[in-house]
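Input: structures, listed below.
The following pair of complexes shares a single chain, subunit A, combined with subunit B in the former and subunit C in the latter.
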Partner chain A sequence: MGKSMGSEPLGKLYNGRKAKRRREWRGLKDTWYDYVHWLGIWGTLIGFVLRPANLKAFFRYRWMVNYLAVPDFFDRHTEGMRGTQLRVARVALELVVRDMCKSMSVMFRADPACGNDKKLNEKLVVFDENMMSQIMNGFPNLKWVSVEVPAVYTCAMMAQDGVLYYLDAAQEYGIPNDVCPMPAAELGVALKGDYPRIGRCAVQCNTTCDGSLMGNGIMASCMDIPTFQLAVPIRHDEDSVQQYAAEEILNAIAFIEEQTGETFDWNAFFETMKRFNKETEQLLEWYDISRTPYPQITGNSLSLYRYAVYMAAGGRVDDFLKTDHKLTKLAMKGYGRKELMAKQVRHRAITWGVQSAYYTAFGIWLQNCWGIVPLVDMLTLCSTRMIDTEDKDKAVYDLAYLYEKMIMRSRSNGGYEVGVADLWRFCESFHVDMVIMYAHMGCKSMSGYHGLFEEEARAHGIHLVWATHGLMDARTASRKDMRTEVNRYMRTVLREEPLDASLEDIDDELAW
Partner chain B sequence: MRYFGGCDAGSTYTKCVILDEDGKIAASVTMKSRINPVLSAQAALDDAVTQVSDLKNASELAYLVGTGYGRNKVPFADENISEISCHAMGVHVADPSVKAVIDIGGQDVKGIAIDTDGTVLDFAMNDKCAAGTGRFFETMANAFEMSLPEFSRLSLTAKNVIPITAQCTVFAESEVISLVGEGKPMEEIAAGIEMSVAKRCFVMAKKAGATDSVALTGGCAKNDGLKDAIEKVLKIRVIDLAIDPQLMGALGAAEFARQKGMGA
Partner chain C sequence: MKDLAHIYELENLLHDTYNEPSRRAKENGQYAIGSVCAMIPEPLLNLDNCFSVRLRAPGTGSMEMGTYYMTSIMCECARALLERALEGGYGYLDCILAPDACAQMNRCVENIDKLKLCDNEHFFVTYSDVPMKSDETALRHYVRQMRQYVLEPLADRLGVDISDAALARAVEKQNRINSLIMEIGAYRKEDRPRITGYEFAVLCLSTFVCPKEYMISILSDTLEELKKREPDERSAYRARVVMVGSEIDDPALIRLVEEAGAYVAADCYCLGSFPERTMINLTDDGDVLTQICRHYMEQGQCPRFMNTDKIRQRHQYVDALAREYRADGIIYEQIKFCDYWGYERAYAGKVMRNDYGYPVLSVDRPYASGSSGQLRTRVQAFVESIEIKKGSR
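Then we have the complex of A and B:
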């Protein structure tokens, strides 16, 4: 019993409270694999906590408690999976956790409130959370670190109430509650003095919107270290802005050199960018598989892993390339066996818009409940252009282009072509019949496009299903609200019955 | 003769329609919803049954479909169907030529595109805030110390329109009270309120694929001031339905019940 995909009702895992038991019987081989890896995650977490600086951080920073939900996060993100899909999710997401543990260990070791390693602290350059790290590839003696990612972004992913305390703090301070929860939560953490005070200098970026600019100002004043504002062009598809963009990259490099006394090492940069290019090649292979009837690396296994590769690791971590190869091998095996991503694949989908941080497992629910396979998401569909690794001038232009195409800004900025028209091109190229359109209630960047999407989806014959959410604040639109929108569409317009009826109406209001 | 019932347990009004085998309306009821949708639905159904001489009680209905805000809380229905499907079917029964509907209910707004057989082609829905809903009008009419029909009639007498900039019901109420306090003409403020809701309907009409005409359903469809504003803002014709537009959800539910009961 329970061996094949969709053979047992998964709704039974939800009882309205925090799930204490999410073990599902996946057949002997898959259950054993999953259990061993579940133990492995505990091993990684215990290893992390055993470092004195990290243990101190658990008591110093309130947001650290969210990371107790990491094993549950894995259970949510592997729900109902079997075979290759399960292995891909485990392999990809486990590396992200290990890499993040390493990064956080560096952060806490340098933190005066925890490890207080002053020498290490002098080597740290703090980047804001939406900013990719590739500039640091030319500074092999320095370390890239982001304090907002562990304090805000991933907290909201681990537990749906992960940053509510900080959102309340921001609102008590006077910030209206319809502001995007991401900068609001960042402000809340700053107000509560819950950022590690680390770093020699900081680099920030005008990533997505005025909200992120507000966050930048707060961060700059709270960290009290020299900060460079990298102003990347908004209309990033225009040829006329590329020279300016390249000059800004050189300005950022000069700032880091000036603050740290280090010199940008082009050889080190080229070496790491070669690795980054190879990682991009692997991604393109996965996309090719996803264009066939048997996609293998999709949904959140792809997107969360890709965010880590593209933005954080940026070619500096060899483990990611090794894992890329491992994932490709797994995917080819799954493809050869014609393994499906759901019990029955009824719809191939692209998710567009910014996904909800508190419901990253939404795509898995789509698969299990309705047979909608989210192949790829808007944030993952960034630049796949190779970076020149021989000519410095060309490399700077390529790097500038890469920064213009950062996750969170490549589509929310840049106008109609990248925000709307590209979607239909991707729909055609991935052979999808459905778009799950995330509508982040607090986001002003994408909301201007909404009417266009409706009209053009109709013209392209694509089913457009809206999923409204509050990004990091589940109180404004809950996970259940998101599911209800899909349920309504599936029953009313497509008149379909769910694959797993037990998942259609589940109570997870209080779950992690 | 067999009879078929549709019960629409809305957030502010509960409606019930009973159809005979030929699809003719044998009874219809509209009553204010109570806090408990089950009791509301039961009361509306019992009331409707008394209008049909052939029926002694609700259990004699051949088939009953529940829908509406409390659609999952109508335990005595044979089946529950989404309010979007029921509204589409109701409008199709009332006027098969209608292809796009804006349903303004007590606390949500829907845009629905209807297929030739009365099924839903596409829809959009705002159920996240009260802006542009019946609740919005109730709040505004309260601010004017008027009933809804009085408020609607007042808006039609305006020669000019004072724009209401706030979309949020709470902020709009504050804005209206300020304008009244400033001594601005009441009818022009009322027309501004109608216009602001009409602008919100624009998005829904667009999503419902409305090009030259649209039908209004829900309680707000009886607001002539709103109809007038929608025609001006959307520059499309608002179709007058021959049957009470507030009954469309219940009528659609009853039609579904008839189709199921007749084995269609």
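Then we have the complex of A and C:
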């Protein structure tokens, strides 16, 4: 291994077992940077566990064991990186981890099984996993919390078998195995009684798909707190639905006010939304850089970070805006130095469809093995509309629009225009020659466009490479299966040789 | 029992995607309005010179092209409809007015639309956003959507009369059908029913795919015939069941269940009589469209209604049906890959068994399941289990 990107085969890092054989050597400067940050992550984790309520949670909740893989998660998501790319990944993802730790600490402090802080518990409003949190910006005295994110969503990212137990629980209950594993696993956690029983009230949403909506219905019956179901219009690109969307937002606000006795604070809302708008401005800067030959903030560093900013932090956490600025500064520096995202950038790609939770590092493999740089992904390409921060009526409509454009559902719902036609517009805008099409086997919304994607990709002259996966269930399509599909396309259709042949066939079946 | 006079005729027309009464209506200058979901109120599709046709794909065998366009994990019903469209089966339609209700059916319609599979000169497609909750906010939205994506396109593109008077006439026509179906269906409550569940399913399904005027005369004749019909001395059935679940557009499935010994005393599925054939009550005060939408929103039993009250109401509705039609058990069925019914079947199956005390058979099935040996065996076993329970009481 050496200082330059791709100086040594990365396949050696995989030995078929959980941990890697050794850490990566990236040259003195980058290795030192990476090592110090690796220690920093351990520091964050140890600090988290030292709180008594958090320690109790480790023994109370089965899913907590997945977080032992956080350091490995960082290794996976910085593999082969050097210079700016490494720093961007570290800075972005570390903040996500710190923010998660804070959020989970609040959760466990209120949890009767751990901290049992009843006063705090009265201040918590539980939100659905895939639901925007921005309504809570108008309730500065209350706290937003999502129990599903730490229990399911991030668990599946930390360890590829992280939620299989809960998936099996849902299937034992009778849920068919062809539905999306995410809501099924969320339901499984509820059925096993493995959610902290917290919150003054809850707000659910028809978030991503029909399955998600249905899982919520059953989960509501498992929760002992008043629950509001926010119905967000499906045809969210149509003007005709905006009034209903806004009215539903007002209904949700009224519900929270009624349950908690708090009043929606417009000033607090506007202040936080100003920050959210500034965060959006930073994102647009990154997109502009990604349209050049020297993109700097791409792949997971963009997507996983953006999910946290867009959905969870929602303008309430100043650290994210500070980090946004830091990332922009890093990116500008990298752009100035014409740093590349891979040893050789052969293909500029967009990843479309729902990405695999158990293989979020797939994009990194794409660039290290084949020189395919995933610039942006479908889930990140949500709304960039600025929220009005002066006029209440306009702000409600903007907020409603934002909720309609939640991650995933902004593309999986809404029809052909947002699910298919927008892809080709993005391909043109980002000067992309390849689309990595995630074929999530439980996602009926995107699968329904399979033939149209194929035909229209040909018409647009775009290479469309399918990567089939089971979202949170690696048993249905393994990481290796996903790689094999790409390998076949690259060798048989494009007749290319890998940049790093050692990565073409690696054994990571038992890895985290 | 002696065969019903019209049953053979109806069975035959159900074999066709474009049946004879629809052909005649088209020849008489009427517009054929394609429909894929109960969330678009049926009277709105039968206004003025329009008649609604619920899309089906009878006699489906291979659905390879449908599978290519939508993959093998999609609902077989959606794939079968797309396959039929690719074969040119819906070329006679003047439009499809579809809600974006379930993603899978929406994708089916979008494929039909984008692949330009209907070449009728008038043909167009609209997609509306329909409620997922049953409350006043949702109702206002529903009304706006129906006006913008159903009524106005019909008026603008086909010149259809969408006045309140026309709406009221369409409801009256619909209610005539509904009352006949309900009267006929009520015979299923009898100890020795004078109509089989299969016969009823044929009659009921026909009302969704034929012009209403044609069906009114058929149903009126059948009702008169039933009044005098003598049931069999000895019932061939060993249990009475309510059939609940995703859409059944092939009565062969009901026949299979009955051949296995379970009399289908009541039906609560898409293209069945409950809730779609319940009477629409219009009053003089208030907007007609709003009243129609309210009926469909409040009566709708589709699991896509997500609010907790409505979820509970679904279970109560099935319980009420089971009591009224004196069912011994409930069969929850689901077309494979349907997300809505996949969850609802699992959940409602547990609730109806544990909270309401009914024996429940919970099955998923292929789209064309009228000859499924596995399904037959499961129903037979269910009937036996009901008999054992009855015997042990």
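The rule is simple: the second predicted complex is superposed on the first by the 508 of 512 C-alpha atoms of A that agree within 3 Å, B and C clash if a C-alpha of one lies under 4 Å from a C-alpha of the other, contacts with A are read in each partner's own complex, and residues count from 1 in each chain.
We take it that contacts are C-beta pairs under 8 Å (C-beta built on N, C-alpha and C of every residue); 3 or more make two chains touch, one makes a residue touch a chain.
This structure is a prediction, so every number in the text was calculated from the model and none was measured.
Counting only touches as set out at the top, which of subunit B and subunit C does A:227 meet: first, second, both, neither?
A:227: touches subunit C, not subunit B.
Quick check for you: in the superposed arrangement, does A:477 touch first (subunit B), second (subunit C), both or neither?
Once the two structures are laid over each other on A, A:477 reaches subunit B alone.
For A:172, decide between first (touching subunit B), second (touching subunit C), both and neither.
In the superposed model, A:172 contacts neither subunit B nor subunit C.
For A:491, select first, second, both or neither according to whether it touches subunit B, subunit C, the two together, or no partner.
first
Which partner chains sit in contact with A:466 here, subunit B, subunit C, both or neither? Use first/second/both/neither.
The answer is first: A:466 touches subunit B but not subunit C.
Is A:413 touching the first partner subunit B, the second partner subunit C, both, or neither of them?
The second partner, subunit C, only.
After superposition on the shared chain, which partner residues are touched by A:241: those of subunit B (first), subunit C (second), both, or neither?
The second partner, subunit C, only.
Going by the contact rule stated at the top, is it subunit B or subunit C that touches a larger number of residues on subunit A?
C
Could you say whether A:258 touches subunit B, subunit C, both of them, or neither, answering first, second, both or neither?
After superposing on A, A:258 lies clear of both subunit B and subunit C.
Which holds for A:507: it touches subunit B only (first), subunit C only (second), both, or neither?
A:507 sits against neither subunit B nor subunit C.
Enumerate the residues of subunit A that count as touching subunit B in its complex and touching subunit C in the other.
Touching subunit B and subunit C on subunit A: residues 441, 450-451.
In the complex formed with subunit C, which residues of subunit A make contact?
Residues in contact with subunit C: 173-176, 178-180, 204, 206, 209-211, 213-218, 220-221, 227, 229, 231, 233-235, 238, 240-241, 243-244, 247-248, 251, 412-413, 415-416, 439, 441-442, 444-445, 447-452.
Going by the contact rule set out above, which residues of subunit A touch subunit B in the complex?
441, 450-451, 454-455, 458, 464, 466, 468, 476-477, 481, 485, 488-489, 491-493, 495
Write out the stretch or stretches of subunit C touching subunit A in their complex.
Where subunit C meets subunit A, its residues are 68-71, 73-75, 78, 100, 102-104, 106-108, 110-111, 113-115, 127-129, 131-133, 137-138, 140-141, 144-145, 148-149, 303-304, 306-308, 311, 334, 336-337, 339-340, 342-347, 349-350, 362, 364.
Please output the residues of subunit B touching subunit A within their complex, sorted ascending.
Spelled out, the residues of subunit B in touch with subunit A are 82, 84-85, 119-125, 128, 203, 206-207, 209.
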